[in-house]
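Please find the structures below.
Look for chain A in each of the two complexes below; its partner is chain B in the first and chain C in the second.
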Partner chain A sequence: MSYFAQALINGIALGGMYTILVLGFSIIWGVMGVINLAHGEFVMVGAYLAWMASDFWDVDPFVSAPAVFAVMLLFGYLVQRVLVNRIIDRPALVSLLVMFGISIILQSVMKVTFSADFRLANTDLDGAWRLTDRLTVPVTRFWVLVVAVGVTAGLNLFLGRSRLGKSIRAAAQNREAARIVGVDIRKVYAVTFALCIGLTGVAGALISPLLAVQPFQGPPLTLKAFAITAMAGLGSVRGALGGAMVLGLVEAMLALYVDRIGTNLAVVASFVLLVAALVLRPQGIFKGLRHVDATST
Partner chain B sequence: MSRAAPGAGAVARRWPAGRAVGVGALIVLVVLAVLPLLGGTSNATLLTLTLMLTSIGVAINWNLTGGFTGYVDFGHAVWFGIGAYATAILISLQSNGPQVGWPPVPAILVGALVAGFLAAIIGRATMRLKGPYFSIAMLGTFVALREIVRVWSPLTGGGVGLTLPPYLNRMLFYYVELALVAALVVGTWWLRRTRFGAALMAIREDEVGAETRGIDTTLLKTAVFSFAGLSTGLFGALWAYQNTFVDPDIAFVEVRTIDAVMGTMLGGLGTVAGPVLGAAALYWVRELLWTHLLDAHLLAQGVLLIVIVLFVPRGLVGLVDRRGTSLFELWGWKGWRLEGRRLHRGPAAGGEAEAAS
Partner chain C sequence: MRRSVRAFVLLLLLVTATTACGEGSVEDAAPAAGEAAPVDLSAFDGTVRIGAALSETGKFAVEGRDSRQGYNTWVRWVNEEYGGIRIGEGRYGAEIVYYDDESDADTAANLIQRLIDEDRVDFLLGPYSSGLTTGTSAIAEANNVIMVEGNGTSDTMFERGFRNLFLVATVASDYTKSAVEALAARGVRTAVIAHEDTTFPTSVAEGARRHLEANGIEVLAIEKYPKDIQDVSAIMTKFRNLGPDVFLGGGHYNDAVLFVNAADELGFEPDAMLITVGPSNPRLVEQLDDDVEGVLGPTQWEATMAYEGDWFGSAADYAAYYRRLWGEPPVYQAASATASALALHLAIEAAGSTDTDAVRQALRALRADTFYGPIAFDERGVNTAKPMGTIQVQDGEILVVAPDAAAVAALVYPRG
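Right, the complex of A and B next:
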């Protein structure tokens, strides 16, 4: 029983990590219709920035996260202006392939600059809290969960209340109608993309003490983001939280109940969840900004 | 559309050009066939050429689903890995495997069949998904199957991999793969002229429309997907036997999918010559990049991909022949078409319905 409780705690903590990982991906897709195949690579760049801060200047990733956010915001804006703007109205294949190209480029640049060695950032918020003699709470993951919930709430408020947030939602629902009522679509897209890449960078910074930072860590993260988004509904902030918790719990339970190989099966689980979600419930479990409809063109 | 089933007049006008291309292809084939017999080709050269043929073969197979049917597969390399592993499991006598010890020829054939069979089962489920959803589901298939192979150690030897008894007749492998690639090219050329091929392209253009015209789209697309899986599995099986060693990370490599996609894009999506030209060009470009840029070659490849997609959407073949499909038409933004070099919005000039008949 205590094993189960421990897996529950681990799963929720993991879900917190996935929440912050998936938000940027989900909103870019929901608002702009661009599937960011380079998502995991943006996470990776954020993680490298936090690792550099930790390694060179001894700054804790939780402290450097705002700076990483600012840098990645700028980077996202740049990528949006140079490349993403050109592909927004194009067919999905074009944007997929261009984002794929970006992901190869980022991987390669990071490999050349930092080599393929595994790195980890140091944080003071590590170790584990002992609840009972069998139950522990991983400290870093707990704080990641706190930040994730905070960011989710903030984002929800921003999209729901602020003027800019409302125009972002309007652009997602019906671009032409939004344009007619005076929403500056170009600006909305630029802000959305920059903001989401900033958030994605923060996610990278927060996981830099948890997952090995290396040039090729991105693709599994992209796949997980995709699986969660498919379950959650495009651009749904609360859905992202829900979907991330589902995936986190499934992975934690697999690690507990499938001896030795359970952790390896995590990525298989996300794939199975993805296909099951797409085939059985193509519109997503939670109400998103835009309908996922995977079985019709 | 007219390019799917060209009218008689169009065929008559294009025939001389088509014949020139055919004669050119035959000359290339003869040169490639005679080259090793002239002597002076080392085993290393033969291996390089064989790997190029492998890369071309996989690109042709990818083009069958990606180019003709319009189902862009981001995990095609999985069939290569499955073919390689099935063969290795059947041949290998290593103590951490099941030690079946089959002779190579049946092992290679069964390896390809296993890949085709799995492709049929998985394709049946994933091909219900459209556009990007299918692409990502296949990427997921790739990653998931690699993990399963890694984990299922009593059968696959786990992360350590399996060693095969060496058999290093490079010449034999070269000729076998040359024959396979030639057969695939002729096969695709023939496919474009049959009702089956026309039906596949009808699925790409308008799947619901094709369905209503009585085309069993599920059957056709699963069939072509399984065939592509089987054929890529065969190349994987041959590769495993030549390489004499497989482990999850060298049998299942993303780069093989990337190469197939990029090669086909570079050459021309949905054309017969496209994947051949593109994959061959890409192979040599990468050899160049590899020797001159080392680690940065991947960077150059990413830039190349973006440039192709944005500026040469019809590929090399598209520069002279407009019959292939372009990225704009595949999963097209509703109503957008590429005519010549310009993007147009509005109904197509030809009748839409002809493609389905």
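Right, the complex of A and C next:
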């Protein structure tokens, strides 16, 4: 029983990490129709910022996360104004290429600046709470989950209640119609992109004590975000949480209950779920803002 | 507007191409970290041109940089201190042409072909990792070019009957031998193994299983995991419930971080933890601090080992020279790289020429005591003279604890 309970805790903790990792990616894709291939690199930049705060000034990543959010928000806004805004009306392939270019540039810049050495941020929120002899809760991951759920709830409120949030959803559903009724699309996109890159930076800060920070850690994270988003539904905040939890639990259970190759199977699981969702429910398990096969406009 | 966007995209691609695909030889690149200072090779009677593809970017960038510094340590020493490679009556300068393989097997294979066809190198030194060495050595073999290496140790590479591949380091299946023997002597009964599902960690794990069973230790479970894994909690939960005496984890640097953290988070406290890559690296010890205390790791080489030779002096002398050049102590990947180049150098001198057949024969006949340990290749091209060492992190220090001949401290068991 405690075995299953531990698997449940592991799965939920992993789901929490995936949630915070996937939110920004999902909303950018859902609202703007841009597949942010540089997502993992924005996570990596956020992780470096948190590591710097931890290493140089001894600031815990959970404390520096709001500052990382602010810096990445600004960075996201700049990238949006200078680059993304100019390609938003172009075919989807152009935005894909530009984001790919940004990912390579960020990797190279970080490698030149920080070398390829592995870093880890220090957090005081580490170790484990021992519920019983055979049942522990990983402290860092628990707090990551708390932040992820908090951010999800906040975003849900923002998109559902605020005027700007409604504009964002309107722009996602039909850009031309939103423009006709007076929504400032450029502003909406700028806010969306900046906000999402800010959140992505926070994800980086929160995983900086968990995964080694290095310039080339991004691509597997982008792949994971892609699989969860396409499976759960583009731009759906609840979908990001739900999809991440489903995947976290499936991975944890498979890894625990299948001997020898369980962890290998767990990685395949995300793509099996993705293929199944694309065939059976293209709007995503949790119904996203648009279909995966919708054009960028 | 359209034009400016187009221009920007072009610029973007240009920047990408120049920054991401950094490559070049020691001649055309400005000396950077780990770079050999340009030496005037015209003062020598000739030049021995050697090629190497190493990872400056990608997954193996850290180890690639260490290997490059190792090779360049030999270049600096042979040109500046030793006075050039002695071939007959002449003194030949050494030059290494490098390319960045981006930690990618296809890129590495293309670059090795380029080193052979276009750069016309006389010999090759190995890349970092078994994965990259497997493909590149096949190309070297097909072109009849000798490759000496110290950082690709997977056994399967030496079961192919190649004539031109030589490994100065201990082969992967023997990585855990001295540690397992030391643990068996302390009464260990059970063990579990987790390893990355790629060439090198699989060789280490299979060897570990063999050594464990040969020493009467029962293997309770073996778990494989894919590369770039982000969570090992499930594996560690499973292992915690089995309650083994020893945990053996084999993969790369990031896996060591994941294993140590997950064990801490899950309250998994085996009496010994042996992790393949990571514990012997001072950076990991610095980053994980107390959590890594007592962890064991195999090491090809440590500066404290009692090895000595006519070239570079003792292991400690080598470490001091290396530190003078690069401002940091050498990790074993760097020492392995230097030893590879040194073995090639000694074989060229013994052969008295750069002829492939003569140098191959000289490599096969080579018997040398060096700062890195004894070097003598068997019929597969593997150096079987050097045993693998085991280190343990004790009070934040990396100390050799096995084999007894190389140990500077007693193994602490249980790790406490």
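Throughout what follows, the second predicted complex is superposed on the first by the 282 of 297 C-alpha atoms of A that agree within 3 Å, B and C clash if a C-alpha of one lies under 4 Å from a C-alpha of the other, contacts with A are read in each partner's own complex, and residues count from 1 in each chain.
Just so it is clear, contacts are C-beta pairs under 8 Å (C-beta built on N, C-alpha and C of every residue); 3 or more make two chains touch, one makes a residue touch a chain.
Here the structure is a predicted model, which is why all the values come from computation and not from measurement.
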item	value
Chain A as common anchor, with chain B and chain C clashing or fitting	clash
Touching partner for A:228 - first (chain B), second (chain C), both, neither	neither
Partner chain(s) touched by A:92 [first = chain B, second = chain C, both, neither]	first
A:256 touches, of chain B and chain C: first, second, both or neither?	second
Of chain C and chain B, partner touching more chain A residues	C
Chain B versus chain C as contact partner of A:271, first or second or both or neither	first
Chain B versus chain C as contact partner of A:50, first or second or both or neither	neither
Partner chain(s) touched by A:279 [first = chain B, second = chain C, both, neither]	first
First (chain B), second (chain C), both or neither touched by A:35	first
Contacts of A:127 with chain B and chain C, given as first, second, both or neither	second
Clash-bearing segment of chain C, relative to chain B, as chosen among 60-68, 114-122, 204-212 or 330-338	114-122
Footprint overlap on chain A, where chain B in one structure and chain C in the other make contact	83, 86-87, 94, 97-98, 101-102, 104-105, 107-109, 111-112, 220, 261, 264, 267
Residues on chain A engaged by chain B in the complex (per definition of touch)	35, 83, 86-87, 89-94, 96-98, 100-105, 107-109, 111-112, 219-220, 223, 226-227, 230, 261, 264-265, 267-268, 270-272, 274-275, 278-279, 292, 294-297
Partner chain A, residues of chain B touching it in the complex	72, 125-126, 128-133, 135-137, 139-141, 143-144, 147-148, 150-151, 207-208, 254, 258, 261, 265, 295-299, 301-303, 305-306, 309-310, 313, 327-328, 330-333, 336
Partner chain A, residues of chain C touching it in the complex	1, 5, 8-9, 12-13, 15-16, 19-20, 33, 56-59, 61-62, 64-65, 103, 197, 221-226, 228-235, 237-238, 240-241, 253-254, 257-258, 261, 264-267, 283-284, 287-288
Interfacial residue positions of chain A with respect to chain C in the complex	3, 6-7, 10, 13-14, 17, 83, 86-87, 94, 97-98, 101-102, 104-105, 107-109, 111-112, 115-120, 126-128, 130, 134, 136, 138-141, 210-212, 214-216, 220-221, 224, 251-252, 255-256, 259-264, 266-267
